[in-house]
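Next, two complexes with chain A in common: one pairs it with chain B, the other with chain C.
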Partner chain A sequence: MKVVGKPLPKVDAAPKVTGRAVYADDMLPARTLHCKILRSPHPHARIVSIDTSAARRIPGVLAVITGSDLPVKFGILPVTQDERALEHEKARYVGDPIVAIAATDEEIAAAACDAVAVEYEVLEPVMSIDAALATPKDERIQDYGGPNNVHKFVALEFGDVEGGFARADHVREDVFFYQGNTHLPMEQHSAIATYVDGRVTLWSSTQVVHYVHRALSRVLELPMHRIRVIGAAHGGGFGGKTDPFAHEIIVAKLAMITGRPVKCTLTREEVFYAHRGRHPVLMWVRTGVTHDGRITAMHFRTALDGGAYGSYGVASTFYTGALQPVTYDIPAYRFEGCRVFTNKPPCGPKRGHGTPQPRFGLELHLEKIARDLGLDPVDMKRRNYVKPNTRTVNWLRVTSCGLEECTQRVLEASGFKTRERRPGRGMGFAISSYLSGAGTAIYWNDMPHSEVQIKVDRGGVTAYCGAMDIGQGSDSVLATVVAEELGLQPSDVRLVTADTDTTPIDLGSYSSRVTFMAGNAALEAARKMRELLVQAVAGAGKRYEEVSFEEASVLAEARFGTLTTAGSYTPPKIAGPYKGSGVGPSPAYSYSACVVDLDADARTGLIKVNKVWIAHDVGRAINPLLVEGQVEGSVYMGLGEALMEEQVFRKGLHKWPSMLEYKSPTFLDMPEVETFIVETDDPEGPYGAKEAGQGPLLPVPPAVSAAVYDALGVWIDEVPVTPEKVVEALRRKDKGETPRYGPQRFPAIPYPETIKVDGPVGHQDGTC
Partner chain B sequence: MKEEILRDVERAVLTLNVNGEPAQLLVPVHKTLLEVLREDMQLTGTKHGCELGECGTCTVLIDGKPHLSCLVLPIQVEGRAITTVEGMASGSDLDPLQTAFAEIGAAQCGYCTPGILLSARSLLEENPRPSRGEIKEALAGNLCRCTGYTKIVEAIELAAGRMA
Partner chain C sequence: MLRLPRFKYLRPRSAREAAGMAAEKGARAMFVAGGTDLYPKLKRRQFEVDTLIGLDFLGHDIRNGSTECVIDAGVTLSAASRDSHLKGGFGGYAEAAGLVSSPPLRNAGTIGGNLCVDTRCNYYDMTYEWRKAAGFCMKKDGDICLVAPSSPRCWAVSSSDTAPMAIALGGVVTLVGLDGERELPVSALYRDDGIEYMAKRPDEVVTSLRLRAEPGLRSAYVKLRRRGSIDFPIAGAAVAARMEGDTIAACRIVLSAVASYPLDAEAACTFLKGRRLDRETVQEAAELAAKPAKPLDNADLSHFWRKRMVRVVVEQALERLSDQPGGFDS
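Coming up: the complex of A and B.
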């Protein structure tokens, strides 16, 4: 192959290193109005009245809107349409939007927000999982779900769980906690809208142009063809810009009212309220194993602190239980999940969506079981690895799987098995798996998930696709695929992307779906185009490889007229035969293995990570440079979650809504990372490719915690693994107590009766 | 009254030397250099992540030294040489740092990139062959959420090697 597999620069590198790329907040068309949003100062309160009259009188204020101007509810999932762009009945977290103001400049808009008088009837806030499970003092946060503040239950059982436990030689139970954290994209969310000739145009820093388009249509009550959504250059998402947001709807409405461009850029503090980040998850797991460490059954329970609204929460809940059997062969599996509402900013998808938390619990749990049995943890895990081309007990189809090779690479490179053993120095090992795109769309439909058109004329090639490049390099993937098929360089391919007027649909940059899905759509369109070119050149008695692309395109245009082709991708229908089977299936899974080496100071509890080795089965690297970038970025983010990042609250208030106090790793905190790209040639991925953007985060937090145990002999069963927790666990160890820091118990949750599902016949033996 | 204050913003005439070009501006005295660059001079290559001096995204050079433009008032820097990312290339030739960043994928979303490029340029001017530790030290005030910093450090080393 000519360009696939080459470490070429990103096609959009030049605009990014010169400052030319236009992000949403860089736009300032003539007569732009600035929008500010007044937000609730109370975590839970009924709104008694809103008086905007003083604000309206301020010179320079052109429009003031409240919830009664935008009453239609929306939400990313069809089953949880529970948000309003502006709330006029009830505030559910500190930061819930109440009033929006458009003015000639930002300071006037801010002063006008101060002039609004809102009368609240303050209600008792619900700030923890325990509180949400109890009878509310005043009233429930949402008027659906239940009992109490429960949002969603899941209870599924696959195979003979009771029999599996009965067969076990050893059974162990553990409890873990994964603290919530946030995406912290460097770019604050920003959106700007115009209303011209009865049509709304919105530019936004979104990951999901199409879903924003749908939400605008619903709330503004305009048909989709009267709305155009364009993805501006994107300053980082990580899942944090995957919901339709209030400010996107608000600027569109304000533009409709004023007839002028209206822009809203969130402050950094507001970004912490927009959130949709990692759910805090409490976990309980019970596993049965044989003497030699083969898993016979597993029972996994999760409780998710969801925040005030649904967001992706139903999917997140399923994800906390879905992928455990995709790395380990679990013959019988029971999963019970529960998401609760609390008076905090809503949680949603962050890199790894719902799976880093159970991965942390699962990997440490297996470490402990191995030690119970006197087995080597790595050997015991390997004994249980899933095999390629199998079905898991929860019906997930595994195709290519490089788990064993990933493991070998990091063990060898790190010298894990022969590491020096001394107090204060440790290594930890963990593995993981992630989706290459969700097998089902957010809203149920039979249409393709990604579509690409290609136009060739007079020697030029343009590819059109709705895919949104959020920095991960989806534009480069599109250009590389088209270039490979047509015999060009990626830089020869012009791209038009992420614009609902001019590009065919792509569902967006989430669930690690773009390379797989848009890549396959581009491949189909490009192969059809090549076919036309080859035919025309052959008609002139030559071979495609002999002529220039210009000549080929002139011959083809002369012969066939306008040259356009299209390709699309629809994932295979592989979900299992049970309710809830839509979350988890993916056309392919990526696999990762990781070793972390660190120093842990027994006196201060300080941890210094020395090096991370990570191997990632990406199927095939369409651009190894970009794959490495995704892997390194994932390791970085995993280390941040493992060691310092936490989104926490005190008395209803976010404790740290600033970049200074919300700790994230700097240049100085980041260790050396050695990345191994493992290629397994997935049978359905474009050129065999799978995802790279999310999976490599997952093994990092458990590997850190395992390394701390290796160094100091204490278990830190919750993230972040902070110095305070390490010191406290060591204190307990010295006193002869359990050498552990972590949650003591899992709450009594009234899960509904489990739905029993037979596993696929012959799962794991390759016959289904 | 708030309304009156808003109508009577004090403005000042300033002459700023940005990227080697003098520019005369009439701006409210409380506007930050970040805002004046972006809004009054359309130099939107300079980004912001917090506007509170916490992230380094808005870094520009003032007389060759990195400063957080969100914390600088233009009136303080009249007559001094201000460099933004738009002033890094000479003509259509990119700065070696820009080339290295593009080549090895040191810019993912690219949002932190202008600030980091300028911090790196100042470092290389003072210390043309910095060690890895010196690079990390010099850049510690610039956050990046995409790259894990790895490729950024490599790109700076690459550029330093080529400039030597």
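Coming up: the complex of A and C.
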């Protein structure tokens, strides 16, 4: 292959690093108005009245809107349409949008917000999982779900769980906690809208133009053909820009009212409130094993602190239970999940969506079981690895699987098995898996998940696709696929992407789906185009490889007329035969293994990560440079979650909504990372490729905690692993107590009766 | 985006003129040097002034004499951290300057500004909207303390890295005010109050810092923070000692970020005088030094942990004073 597999620079690298890329906040059309949003100062309150008269009188203020101007509810999932762009009935977290103001400049809009008088009837806030499970003092946060502030229950059972435990030689239970954290993209959310000739156009920093398009249509009560959504240059999402957001709807509405462009760029503090980040998850897990460490049954319970709204939460809840059997062969598996509402900014998808938390618990739990049995944890885990071309007990179809090769690579490179033993120095090992795109769309439909059009003429080749490049390199992948098929360089391919007027639909940059799905769609369109070109050139008695691309396109255009081809991708229907089977299936799973080496100071509890080795089975690296970038970025983010990042609250408020106080690693805190790309040539991925953007984050937090145990002999069963927790665990160890820091118990949750599902027959035979 | 408020910017040509402007405008005006502390706080409306008095006229030199070193207040933290005189004779000071925030902020921030940097509290270093939602505190717009609600005073934390070191080294600042020039030991520049944290008059400009060289003088600064860069100290120890042979003839230990002012650990210094720096002495001194530190729950990480860490940073700083490889002769 000519370009696939080459470490070429990103096609959009130059505009990004030279400042030419136009982000939404860079846009300033003539007569632009600036929008500020007044937000609730209370975590939980009824809104008694809103008086905007003083704000309206301020010179320069052109429009003031409240919830009664945008009463229609929306939400990313069809089952949880529970948000309003502006609330006029009830505020559910500090930061909930209440009033929006468009003014000739930002200071005026801000001053006008300060002049609005809102009368609140303050209600008792619900700030923890325990509080959400209890009877509310005043009233429930949402008026659906329940009992109390429970949002969603999941209870599934696959295979003979009771029998599996009965068969076990050893059974162990553990409780873990994974603290919530946020995405922290470099670019704050920003959107700008115009309203011209009865049509709304919105430029936004979003990961999902199509879903924003749908939400705008619903709330503005305009048909989709009167709305155009364009993805502006993107400064990072990590899942944080995967919902339709209040400010996107608000600027569109304000543009409709004023007839002028209206822009809203969130402050960093507001980004912390927009959130949709990692759910805090409390976990309980019970596993049965044989003497030699083979898993006989597992029972996994999760409780997710969801924040005030649904967001992707129903999917997140399923994800906390779905992927455990994708790395380990678990012959009988029971999963009970519960998401609760609390008066905090809503949680949603962050890199690894719903799976880093159970991965943390699962990996540490198996470490502990191995030690109970006197087995080497790595060997015991390997004994349980899933095999390629199998079905898991919860019906997930595993095709290519490079778990064993990933493991070998990092063990060898790190010298894990022969590591130096000295107090304070430790190494930890963990593995993981992630989807290459969700097998089902957010809203039920039979259409393709990604579509690509290609146009060729005398002027060259252009590819059109709704996919949004959020920095992960999806534009480069599209260009590479088209270039490879047509015998060009990626830089020869012009791209039109993420524009609902001009590009066919792609569902967006989430669930690691774009390379796999848009890549396959591009492959189909490009192969069709190549076919036309080859035919036309052959008709002139030549071979495609001998002529210039221009000559080929002239011959083809002369012969066939306008040259356009299209391709699309629809994932295979592989979900299992049970309700709730839609979350978890993916056309392919990536695999990762990682070793973390660190020094942990027994006196201070401070941790210094020395090096991380990570191997990632990406199927095929369409561009190894991009894969390495994604892997290193994932390690960085995983270390941040493992060691310091936490979205925490004090007195109902986000404790530190600022980039100085919310700690995320700096360059100086980032260790050397050695990345190994493992290629397993997936049968369904484009050129064999799978995902790379999320999976490599997952093994990092458990590997850090395992390394701390290796160094100091204490278990830190929750993230972040902060120095104070390490010191406290060591104090307990010295006093002869359990050498551990972590949650003491899992609450009593009234899970419903489990839905019992038989596992697929012969699921690990390697025949599926 | 958070925007700066509108303000008038005045450009005096001398410290005397600046002092006159400050006296005239009163609380409506503030001095600005590098602006690295001031501008973010203006954006968050922690300061509400309509006039800034620029201190561009301040000198940028470091003058090294045989017995003292004079650093102009306009010297940037980067320049101070790299200066060979300072690194040679007052290593701890250069170290402290080099550990402030991050490289871009050290390129703009001045040593004068660092001596005057506002006290910090994570209930206070927040936007106007956040503080309004939390309920304002007495340091700005309110009348109670959110950290210690029954307390009549503010406990915001002195967070300068160089001030403790300047005190440990017996530094003296030159102040120019309406009434002319005067000198003041850096130790007398601060008060034990989170709000009125400076003891100088508001119209006085810090124009220079003078450090006295002494034979056998050694110094070290150890800063504790979560990350390798950007973060303010959450504890720190500045140590300066005059050695005679291997015994301590005189020494001063000053702690950062554990009180509303740089905290002088006098008991430890009295104890250390005349002793050799062996392991036990270091540990005992650190214990004594840490005693008066009373961190509250208004900075990063828990105050219990920070309190425990004070001993550690003092020990580390004392260890660094020792020249022997390995640090001890135990």
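Keep in mind that, in the parts below, the second predicted complex is superposed on the first by the 765 of 768 C-alpha atoms of A that agree within 3 Å, B and C clash if a C-alpha of one lies under 4 Å from a C-alpha of the other, contacts with A are read in each partner's own complex, and residues count from 1 in each chain.
Going forward, a contact is a pair of C-beta atoms (placed from the backbone, for glycine too) under 8 Å apart; a residue touches a chain by one contact, two chains touch by 3 or more.
Given the structure is predicted, the values throughout are model-derived calculations rather than measurements.
Chemist: Using the touch definition from the top, say if A:Ile470 reaches chain B (first), chain C (second), both or neither.
Modeler: first
Chemist: Go through the superposed model and pick first if A:Met644 touches only chain B, second if only chain C, both, or neither.
Modeler: second
Chemist: Per the contact definition in the header, classify A:Phe667: touching chain B only (first), chain C only (second), both, or neither.
Modeler: both
Chemist: Who does A:Thr722 touch here: chain B (first), chain C (second), both, or neither?
Modeler: After superposing on A, A:Thr722 lies in contact with chain C but is clear of chain B.
Chemist: So, A:Thr267: does it touch chain B (first), chain C (second), both, or neither?
Modeler: Touch status of A:Thr267: both partners.
Chemist: Identify the partner contact of A:Asp734: answer first if only chain B is touched, second if only chain C is, both if each is, neither if none is.
Modeler: neither
Chemist: Please determine whether it is chain B or chain C that touches the greater number of chain A residues.
Modeler: The partner that reaches more residues of chain A in the superposed model: B.
Chemist: Considering only touches as defined above, state whether A:Val94 meets chain B (first), chain C (second), both or neither.
Modeler: So A:Val94 only meets chain C here.
Chemist: In the overlaid three-chain picture, which partner chain does A:Pro59 touch, first (chain B) or second (chain C), both, or neither?
Modeler: In the superposition, A:Pro59 contacts chain B only.
Chemist: Once the structures are superposed on A, label A:Ser658 by its partner contacts, choosing first (chain B), second (chain C), both or neither.
Modeler: both
Chemist: Following superposition on chain A, which residues of chain A contact chain B and also contact chain C?
Modeler: 25, 107, 188, 267-268, 658, 660, 666-668
Chemist: Can you name the residues of chain B that touch chain A in the complex?
Modeler: 2-3, 6-7, 38-39, 42-52, 54-55, 57, 84-86, 88-89, 94, 98-99, 101-105, 107-114, 117, 135-137, 139-153
Chemist: Which of the residues in chain A come into contact with chain C in the complex?
Modeler: 25, 39, 41-42, 94, 106-107, 110, 188, 265, 267-269, 603-605, 644, 651, 653-658, 660-661, 663, 665-669, 722-724, 727
Chemist: Enumerate the contact residues on chain A facing chain B in the complex.
Modeler: Residues 9-10, 12-23, 25-26, 28, 57-60, 107-108, 111, 114-115, 183-188, 233-238, 267-268, 470-473, 625-626, 628-629, 632-637, 658-660, 664, 666-668, 670, 672-673 of chain A touch chain B in their complex.
Chemist: Where on chain C does chain A make contact in their complex?
Modeler: Those in contact with chain A are residues 1-3, 5-6, 102, 122, 125-127, 129-130, 132-134, 226-231, 300-302, 304-305, 308-309, 312.
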